[in-house]
Structures are given as structure tokens and as C-alpha cells.
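Labels run A, B, C and D following the written order; every chain starts at residue 1.
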Amino acid sequence: MPDKPKVAFYWCASCGGCEEAVVDLAEDILKVVEAVDIVLWPVAMDFKKADVEARPDKSIVAGFINGAIRTSEQEEWVRMLRRKCQVVVSFGACANSGGIPALANQFQKESILKYVYEDCPGMDNPGKTRPQPESKDEGRTLTLPEFRGMVRSLDQVIEVDYYLPGCPPTPKIIMAAVQALLSGKLPPKGTVLSPDIALCEECKRKDSKPADLALTEFKRPHQIQIDPEKCLLAQGLVCMGPATRGGCEALCPAGNMACTGCFGPTSRVKDQGAKFVSSVFSNIAPKEEKEIDAVLDGIPDPIGTFYRYGLSKCLLRRKLQ
Amino acid sequence: MNEQFEPKIVAFFCNWCTYTAADLAGVSRLKYAPNVSVIRVMCSGRVDPQFVLDAFARGADGVLLGGCHPGDCHYAEGNYKTLRRMRMLERMLKGMGIHDGRFRLEWISGAEGDKVKAVINDMTKKVRALGPLDLPGKFKEWDKEMEELEAHVNKDSKKGETTHAR
Amino acid sequence: MKYLYFPGCSLKGTGRAYEESFLAVFKALGLEVRELEDWNCCGATAYMSVDETKSYALAGRNLAIAEREDLDVIAPCSACYLVLNKTQHGLKDNPELRRKVVNALKSAGLDYKGKVRVRHPLDVLINDVGVEKLAKFIKNPLKGLKIAPYYGCQVVRPYSTFDDQYNPVTMDKLIEAVGAECVSWPLKTRCCGGSLTGTLPEVGLKLAYILVKEAKKRGAAAVVTLCPLCQFNLDGYQDQIARKFERVDIPTLYFTQILGLAMGLPESELGIKRGIISAQAALAGR
Amino acid sequence: MSENKPKQENLPRIGFYVCHCGSNISSMVDVAAVQKYAAGLPGVVVSRDYKYMCSDPGQEMIAKDIKEHKLERLVVSACSPNLHEETFRKAAARGGLNPFYFQMVNIREHVAWVHTDKKAATEKAMQLVSAAIARVAFHQALDKKRVPVDPNVMVVGGGIAGIHAALTLANAGKKVTLVEREATIGGHMALFDKTFPTLDCAACILTPKMSAVKAHPNITLWTYSEVEKVEGYVGNYKVTVKRKPRYVKEDLCVGCMECIDACVFKEAKFADKFNQGLGKRKPVYIDFPQATPKVVLIDKDTCLHFKTGKCKQSCATACDRKAFDFNQKEETKELQVGAIVLATGFKAFDPARSPQYGYGRYPGVYTALEIERLVNASGPTSGEITLRDGKHPKAVGIIHCVGSRDAKTNKWCSRVCCMYSLKLAHLIKEHSGAEVYNFYIDMRAPGKAYEEFYDKLLGEGVHFIRGRVDEVTDWAMTPDEEGKLVLRVEDTLAGFVRRIPVDMVVLSTGLEPQADAQEVRRRFNIGCGTEGFFQERHPKLAPVNTFTDGIYIAGACQAPRDIPDTVAQAGAAAAEALALIDAGFVELEPNTSHVIEDECCGCKSCVPLCPYSAITFDEVKKKAVINEVLCKGCGVCAAACPSGSIVQNLFDDDEIFSEIRGILK
């Protein structure tokens, strides 16, 4: 019996949610385990870096890498995995577009470290000591990975073959991806493994959206009693559904919460945040500057809202000094 | 003559008003700075904020958007959509550290040739004072921090052993 | 409504009647007026032709002081009103001049942003207070008193800030509001001789004579003006005019004086007696 | 999200041409360098420069190259696309290439003519060229859509311009609806006594045309009516017209005016607008004897019945044709037309804005239109020149350029005032024998027989004083000025200030846009210049066209103009409308947008964006649909579709992104 195709799971700047998603496959995980031979999965199995390095290049059929890239260690791992794997799948929003961690790209490295190690509430660090990349301890040298200047998506570090969108990707599209990989019937390189159509397609609330929507204000979720039936954007909530790829079966709107855009844009859009702005503000009601500004004030943190999972993929990549 | 920084500004002009005003400025032989290259769109409402960000990302030091005065749009309301989008885009540009003055929205009617000259000269002067934005250069500079490790890992791939790299 | 008040030298000197009546009327109307603290000479039009930068700095200092309080400043004297306006325009349109003046002011711990608004009392009375509200304060309307409204030049030209350059009407409205009657008089903004009466008397006196003669001819019992220099020129030289041309003897009052009278304020508070040609006959004779 | 740049190998074969435009371009742009630069760009297989690309040989060269080199795209860098885009599209078509595989680069109006540094200008030209060459690779083959044209026409404004345009169109067999806001057609011309330079009597040459309009079977005349709304597009306009009530049935009244005599008001009491307020009229009135239609109307604000309800309506009883109908209501009518001619005319400058002339203060000061009524035999004084106090003036001063050529009011020259001032000078001298003084800055008599008319006036002893009147005053400096209006003027030919005492002053007020010009032009979706006159498509080459196809303009609504030019323009506008209608169809530009059905998620974000309701939502398929005939091609929905599923032809994302890339390479 030819030995089973090897797959690897790895995580970088990640919250572990993507690992959860794999586990969420529930019984299907057994089908996966039967079909493949998992050779790396830090959260679940104790393979060491040396074990992976010992493997010949391209010996692993597919590598599922989630989490954004912030440290030199993560860079090293993903470059090594790129060598070892035939196919690298960018797994989840952090890997695809920087995810929540990339929101840190609005701050300079020094201000982050200063806040974390000196200014944040409860910090008692009079000496202002900071973790050093290299430090001596009783004759031994301790090293730490480099804290990079910005958070990057996976494909800004290595070449990526496929993308599994979502925060986290839903078990359904994970399963579909694994089966496609095993069957060898793969779409062209660079494809996002989820339907290339916006989320409203699958949203139950679509019919309640009026055809002449002209918002006069935006609301935050805690400010209104959300009607479980009606279109969330029509209720004045910032729902990124129209500008976000489908495939998640509109889980969040079904859970009475506006879509926050985690599946990323469709293939025809270069910058999800800019495109959403182009669409949703085209038809707010006011025509005068002052009144327009009043409506815009309903969204206090535009960058955090429109690039919640995708600041690394914003065309400007990062806030300037 | 010291090499003065010459900003590169990309402009989107609506065909019916601002593009025609620019033609009028030409026919009237008005003289203005050569730093602005114009892309013609049928209405300022066709300009997608992605175009503005893409222009900056590709090296523009400034982006100018010209449309008809509110109420004058050849398509009745196109410029209101422009105003709404661009008010929010201005906030996002500020949030991403791009100085105001680099992106500019101007209403210029088909008869205002001299306003095209005034706006282009004024914007060129202001952007020159702000200095180069040069995002492509900054992108390369930001990614330099990965070069050393990348070279190191690729070097190892030949010999197969691993060492920690800084 | 609260205002700052820039008196200038005339209202402390020959134009004292203007200050007295202005303060009395504004107090009676409930408009709080506070003299600008530590104001300095505005330089008037002469100094501007001698040394422009220094004169703008001199006049600019008053603007800078007023700006600290974020209130409008009222300059009743036409020359001060013109100079302060001219300074604001000069500093707005000429960045080089502005840089020098702001530096000068900085050394005195002051700064100039261009926020302060320079107002004329007539503009405040008609546009801020309004004719309807003024009517409520009129106790004894000056029925039958025929007046020639004389605006002079500096308030209407070159910056016609609140009225028309050729045919100003704000003071006419006030005169009608106090119950008096304006005679039709086309010399509203014709030159009163200004400083010529001192330097080229034969020209200056002729110009003043033309005004008073036509006013009397048109049946006016008094000329009412808003400029201390015009008041002085018309009122002060009528004896010389009588020797050179003919005796006219028509009193020249300030619009604040007749408004005060109509509001029933005592003549002593309005400086009525300060006029050289007595206005008693005119005021009584109506 | 890969960069959609066409791969090197499947780039189309591009032909590139740069024009010298004589020396207009080559004087500031190094065309040879541009040609060489373009030759090196990916996809370019032919790169030429030529002295006059738009000439026949230039176009022939393109067609030949297309065939010989099997060109698949065409880029021409020359003047503005507004000028010759059509020319080169046709040249491409002649070569067998789809005309929309062509992209134009503006290096004349936007580069050569506006820059002074040749190196910088050439560099900018290269950027624009590289943008166009990158863009054209993405162009798709397109075809102009043909749409039928409604043969009916609407003319708005019943002055001489509207009348002539309507008659010309009607004589060509077209059904015309002429809409006029006032109760009668005739416009300003109906006010005049004589017209320059021939001194034709205005009524004699105007009334035949007015009755021709009334009698013409092809013309429907709607007076006392205004256009309220215009919808649709070239060839297919739907116009909503509001008809104000006359309280008199138009088809019954024959204008015998018995009712006016019978009106409860014994004499005429109310200011008569037609006679500029100099004459009086009753609440029931007719503007002037030759009014067309010859139908009376009731002014609701002064008629006793409407004010108090207690009137014995003697006018109605006096009317044996029972034409009165006191509860006539405002009516709204809708009309389908293929073309609209706007001839809404001008407004005279209100001299109260220049108080130095004393209009409104001195009764002896008149506007030119008031004098037109005084000298007119059917005017309030039956042609007698009398002052308001009944006296006859012995000296009259006519001031030219009132409100015109003045930085404080209107900067422009109103073109007709010198000539009508000369005419009025002649008429006043003829009617009253008074001394006449004309105060002018420059005597502008450019038309046919105009200068000769000026000579004629010089011969008639009119005094011409060259200088701008500073002031009109009743202050007498010397005894002989007593009781007179004195005009103070610097006589620039004599070289000193003069004071001219006169009894009557005539202000030759200039022409300016109608008070509601802004709303009217927005209603018809055309532009206007900074002063407010309607914007022509091209000042020299398309003076009666506008940027909105199917809407034409004629006469003083576009700029101050005398009657000969107005009539000529009216004819031209009629011809343009006929050309559109007789073609039977109109070609719509193909730069419309369309929804990619399987990419549309049905989020309806685009549906409310379109002011022309071209976007609808298919409830069955749950997809947005764009009606390509209604779509005007603005591209707003393409920019606003949140999933990038709407594409605008000729301006899709790939094309614009490639232009940005080309400029910033």
C-alpha cells in the first residue's frame, strides 16, 4: 500500500482558531486522518522542526499554514515549509491578509514595544527592561526571534498556491479543499478556494433589503435592537456582506451579527476596504459636506472597520510615520 | 541648478467639466506645471477609491480628482457620490499617515480653464513642499528586514543543515 | 451683545461728542461696550503713505489686542475704521508684509490670526440691532426735523463693507427710524475737503461750503454725519466760509446724537453743546 | 488576487502614431523621441510620427498600416479626444479594425500648449503614451447602438429665435410644440418700435411671423406655459409642461376686448408689465394689440373676483362667446419629442445695481426698454417723448454700457447696446427734436450696414461724447444746471471732465442671463458658462449644439446677440434638429455598463444609484439588470459595485488600472 500523502499544519501569528476549525471537522477528521499522514501539527502532535527539516524537499504534498507573519522564526518556518511542500495553502484571514494582528500596522514597532513593556496599565517595569534578541544567562546565550517592523500576510513572505478564506475558514470549505488536493483536480494557482461571489448571495436577509436604500446614519451593534429578519445594512449597521466573498453560508448574519468581511474580497477587487467605501457611501442620503461628515462620524474607526482582517493587503500596506 | 524634487501627480478628470476645462486652458495657452498627468473618466463618480490608493502605491506623490460643481453633473448626481466616497477616503488616508494636500478633490466647470491652471500650480507647489511620498521605495525598504533571513534559508537549502539566523 | 470699542484720537479730542453720544446710546440699548485696553494710535491714512510696514504694524497691534478677546471691535471714527480694514486686507493679501508684521507683534508677545471683525456703530445699529428693535427705544421722535445725511468717503470707499459706495442708505434708515426726515441730497459721499482745509484752504473751504449750502438749499435744518473729521470740517469752518462765500450756519451733528435725543437721553450726555454752530434752533424749530 | 496584466506573448499588435499638429505639438514635445520611446513599448509593432494625423493622408496611413501589419489596436497621440476621437475611430474602421480598439492621447491641449519646459513636456507626453498603450491592450470590440428618433420637436421660448426655429421646423414637415412662458409670443422684439440698422418697424416684420406660427398646422402653441421636467435621452425625450390658467378658454376668445371695457374697474389701474410699468392695465387684459394668441387673460392677484369673491363678473357677461371660466385649473401635459430647441432669451440688466446713474431716485432716468415703449406708437404715450411729469425733454443723454463692461456688474460687452442706443438717439431726435448726447466708451458697430448707420447719426447732429459717465446728479453747480439732471463725464477725446445738463437720461442697459437660467439649464441637463449663459458644445464649431445630444440652443440665451444673429442661430438649431430627426435613428455611445450575471450576488447596492432608473432588480433571478438603452455611461455603478461585478465598456477597471500603471512606470 503506497504510503499516504503527507500533509503539514503550521501556525504563525495565530489565535488557534484555525486549528480549532480543523478539529471542528468532527468525524470528517477521521476521513482525513485515514487518507493522509499528518507530519506536522504543533497544536496537536509533537513533531519538532528537525523532523521536518530532515525530510527531503517537496516530500510533503500540502502544507496548511495559518496565522500572519510577525517574527523571524515564523518567516524561517514558512520558508522551510515552502521548500518541503509541493502545495502551500494559505489558511484563514491572518495568513491571507494579515487578519486582526495586521491592525498593528497602524503603529510603529517602537510604540508597540513601549506600550507593552512600559505604558500599559498594570505594568511595573521601572527599569524599562525589554526582551533582547540575544542575552547571556550563566554563560549560555539565549536568543529570541526578531520582532519585524510590520505584520505580513503569508504570500508577502513566500509563494502561495491556494487561499482558504475566513476567520476561521468553515469546516465545509476546508473539507472541500482537502478533497480537491487529494483528488488532484485543482483550480489554477492563486485561486481562493471559495465561491467567487459576494456573501449576500447566501444571506437569508437579502429579500428584506430595500432597492432604494439611502442611509442617513450608521449604528454600532450595541446602539440598536437588531431585527433578526431584516437586512443588517438596511438597519444602519456596517455589514460588509456586499463586498465580501461568500462560501461561509452567511454564518454571522444568521447569528444576528453584521458581516465583518473576514472572507476577503471577490477576485475582481484589489482593495476590499476601498471598494466597500466606494459602494456603501455612494448612496448615503446627504448631499452637503457638513451633513455627509455627520453620517461618516457614525464610523469612528474606518480603518479598523473596513480593514479588520485585511490591513496587510491594503494597497498602502501600512501607516506611514 | 540644484535638482529640485518634481512631484508626480495623477489626476482623474471628468469628461464633461474638468477635462473640457483643461482643454480650454490649452486652447487659451495658459501655462501651468507639467507634474500632473490626466486620466479621463466619463464622470467623477466613476473614480473608485481603489484607483486613488493604487496610484499612491505605484509611486504617485499626489492624486487630484476633478469633477463638475454639485448640481452641474452631466449625469445629474454623479458628483454627489464622489463627494460622499472621497470624504471618507480622506479620513482613511489621514488614518494611514498620508498628509492632507496629497489627495485633493476639486469642482471645476467646463468654463473654468483658469481654475485648472490655478489648482494644478497650487497642488504642485504644495506637494513639492511635502516632498516625495515614494511608496514603492518605502515598500522595498520595509521588506529589507527579511532579506538576510531569506538569503540564509535559501543558502542552507543547498547543504540541508539548519542554524538559527537573526 | 458685547463689543470692544476702539475710540481713536478724534473721539477723545475734537470728536468727544461722538464718543459721549455713542457710549450713551449703546448703554441705553443694553449693548455692552468696553474700551479696548491699551489701544494705540491707528496711524490714520497719512502714516500709511510714509512707511507702510510700520503703519501696518502700528494698526495691526490694535487688531492683535482685540483678537485676544474673540469679540467684534467697533471703530466709530471713519479714519480708524478705514485704516483697520485696510490693515486686515493688506495682511491677508500680502504674505511678505504679514510675516514682517506678525514677527513685530510676536516680539511684543502678541499674535495676529485675522479672526477679529472690525465693525462700524451704524452697521451694528441697523444690522445687529435692527430698525424694529430701535423703534421700541424711541421716546420722542424728532418729527419735522429735516436732515441732510452726510457719509463722507472713508466708510464707503474703497471697502463698501456694509453699504453701497455711490448711494449709501444705512444712515438714512436710522434717521427715518428716529422720526426725522431725510432731504433728497446727492452729495452724500462728495468730498468735505478733509485735511485740505488746513493745507489748501481755498480748495478745502470751497468743498465744505458746497456741502452746507446745498444742504440748507434743500431745506435741511442740520447735517448729520458719522465722521469726526467731516463734522469738524463742516462745523468748524463756517465762520471762514461766511467770510469767503456766504453765511450758511447749519449745525452738524452725529447720528448717535440724534438717536440719543430721540431715545430721550439728556442733551448733556450727548454733547449737543459741543457743536460750534448751535443746534438749539434746529432742534427746537422743528 | 494576481495582477491582471496581459502576458507578454498574447499582447495584441499595436499601431502607435504621434502627431506634430503642424508645429503646435512638435514645438514643445520632441515627437521623434516619443515615437522612438513608443516603438520600444511591449505590443507596439508600428510607431510613426506625422505632421497632420487628422488629415486625409494621415488617416489613410492608419488604414493602410492596419491592413498591412494586421494591427489589432490603435493609439494616436495628438489633440483632445473631444476634437478628433471620432475622426480616428472612423479611420480605424476604414482599415477594418473595430473603432473602439482605439485610444487617443491628448498631448496638445494638455501638454504642448500648457507647458514651457520641453524636456518635462516630452517626459509627460511619454507617460501619457505609455498609459494609453498599456490601456489599449484591454480594449474590447464594441458597436454603437442604434435607437429610433421621435420625429416631433419642442421649441422652448417664443421670442424671435423660438418663432423662427418653430417655423423652419414646421415648414420641414415636423410636428412642433412651441412653449412660451408669457401670455403671448414675441419676446423682447415685440417691445421695440424700430429695429437697427434699417429702422424696420419691429411689429411689421414680427407680427406676420407670429400669425404664421398661429396658423401653421404643424405648430401647437402653448403660451402661459412652462416646462417642468425633462426625462429620457436623445431622440426619446418625455417633457412635462405646466399650463397656467388664463381663466379664459383659448379656443373661444377672439380678442374683441369687449370684456376689458366691461370690467368693474372703470380705468386701468395696475402697472402694465409689457409697457415696463409706464402704462396701466385692468385685471383682465391683453399685452398688446398684435398679441398671439389674441386671447385675454385675468391677473388673479388684481382681479376682484379672486381677491374678494364678490364681483359681478361684468367681463364674463359682456362676452357673447362665453369664453370665461373662473375655475380653470393649472394643467400638466406630457409630450414625447426627439429634439428640443431652447430659445429662452435674455434679461435686461437692472440699473438699480449701479446706483450712480440714479435710476429709481430721479424720475427723469429711464431704461432703454422704457424708451422703446415711449417712442412706440402703440405705447403708453402713443410715441410722444414725455417725462413722467408730462413735460417734453429739450436735452436727452443716452448712456451706453450700463451694467456691461464693468468689473462691478457684468464684465462682458452686451453687443447690441451701441446699435440700439444709436437707433434710440435717432428716434428721440425725430420725435422730440431734443438735443441728444450719447456717452460711449467704444462705438461698436460691427454688423452689415452698422457703421453706415453710425455715420448717418453723426450727420443728424447727435453729440457723441467718448467717456464713461461717472454720475447722474440733480445738484446744480452753476445756474444753468438748475432743475436739470447733470451727467459728470471725463471726455477722453477732449481731455477734461465735463458736466452735461439734460432733462432725460436713457440707460442703455446690457443683456444678462434670465433670472432662472440656472434652474432651466439643470432641467434640460445642459451646462452654463461662469456668467450663467447656456454652454455651447464648441464656441466656433458647434455654437448651437450642447453637450447633451438632442438639446440645441439659439439666440441670446447662449450669449448677448442681435436679431440678425439670433435668427441665423434659430435656423441653425432647427437644421441640427432636422438632421437628428431625418437620420431616423441616433447612435448611442457604447460606453454603457452591464452586470456580469453570475458574479452578481443580488445585494441591490447599485439599484438606487442610477438617476436614469436604468438599473432594475430582477426579483426572479435575484440579480441586478442594466437597461443598456437607458444607461448613459457615467460608470458610477461600476465604481460602486462592491464585488466588482459591473463593468463599464471602454472604462473598466483593468483599463484604468493599466493607465495608472503606465503613467507611474
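A few remarks follow.
Criterion: a contact is a pair of C-beta atoms (placed from the backbone, for glycine too) under 8 Å apart; a residue touches a chain by one contact, two chains touch by 3 or more.
Here the structure is a predicted model, which is why all the values come from computation and not from measurement.
The chains in contact with chain B and with chain C alike are D.
Two chain pairs, A-B and A-D, are compared here, and A-B has more C-beta pairs in contact (counted per touch definition above).
For chain D, the chain with the farthest CA centroid is A.
In terms of their C-alpha centroids, the spacing between chain A and chain B amounts to 29 Å. Between the CA-based centres of chain A and chain C the separation comes to 73 Å, rounded to the whole angstrom.
The geometric centre of chain A is 57 Å away from that of chain D, both derived from CA atoms.
Per-chain CA centroids place chain C at a distance of 48 Å from chain D. Chain contacts: chain B has residues 45, 48, 50, 54, 81, 85 touching two or more partner chains. For chain A, residues touching at least two other chains, in rising order: 269-270, 275, 278, 282-283. Those chain pairs judged to touch are A-B, A-D, B-D, C-D.
Chain A contributes residues 190, 196-201, 206, 209-214, 241-243, 245-246, 265-270, 275-276, 278-280, 282-283, 313 to its touches with chain D in the complex. Every residue of chain A that touches chain B in the complex is listed here, in rising order: 49-50, 53, 57, 72, 75-76, 79-80, 83, 106, 133-134, 143, 146, 148-150, 156-157, 269-271, 273-275, 277-278, 281-284, 286-287, 289, 292-293, 296, 299, 302-303, 306, 314-321. By the touch criterion given at the top, residues 6, 8, 10, 15-17, 19-20, 22-23, 25-27, 29-32, 34, 37-43, 45-48, 50-51, 54-55, 58-60, 71-72, 74-78, 81, 85, 109-112, 117 of chain B touch chain D in their complex. Residues of chain D that touch chain A in their complex: 1-2, 598-605, 607-609, 617, 622, 636, 639-645, 653, 657. On the side of chain C, the complex with chain D involves touching residues 164, 166-167, 184, 186-187, 210, 214.
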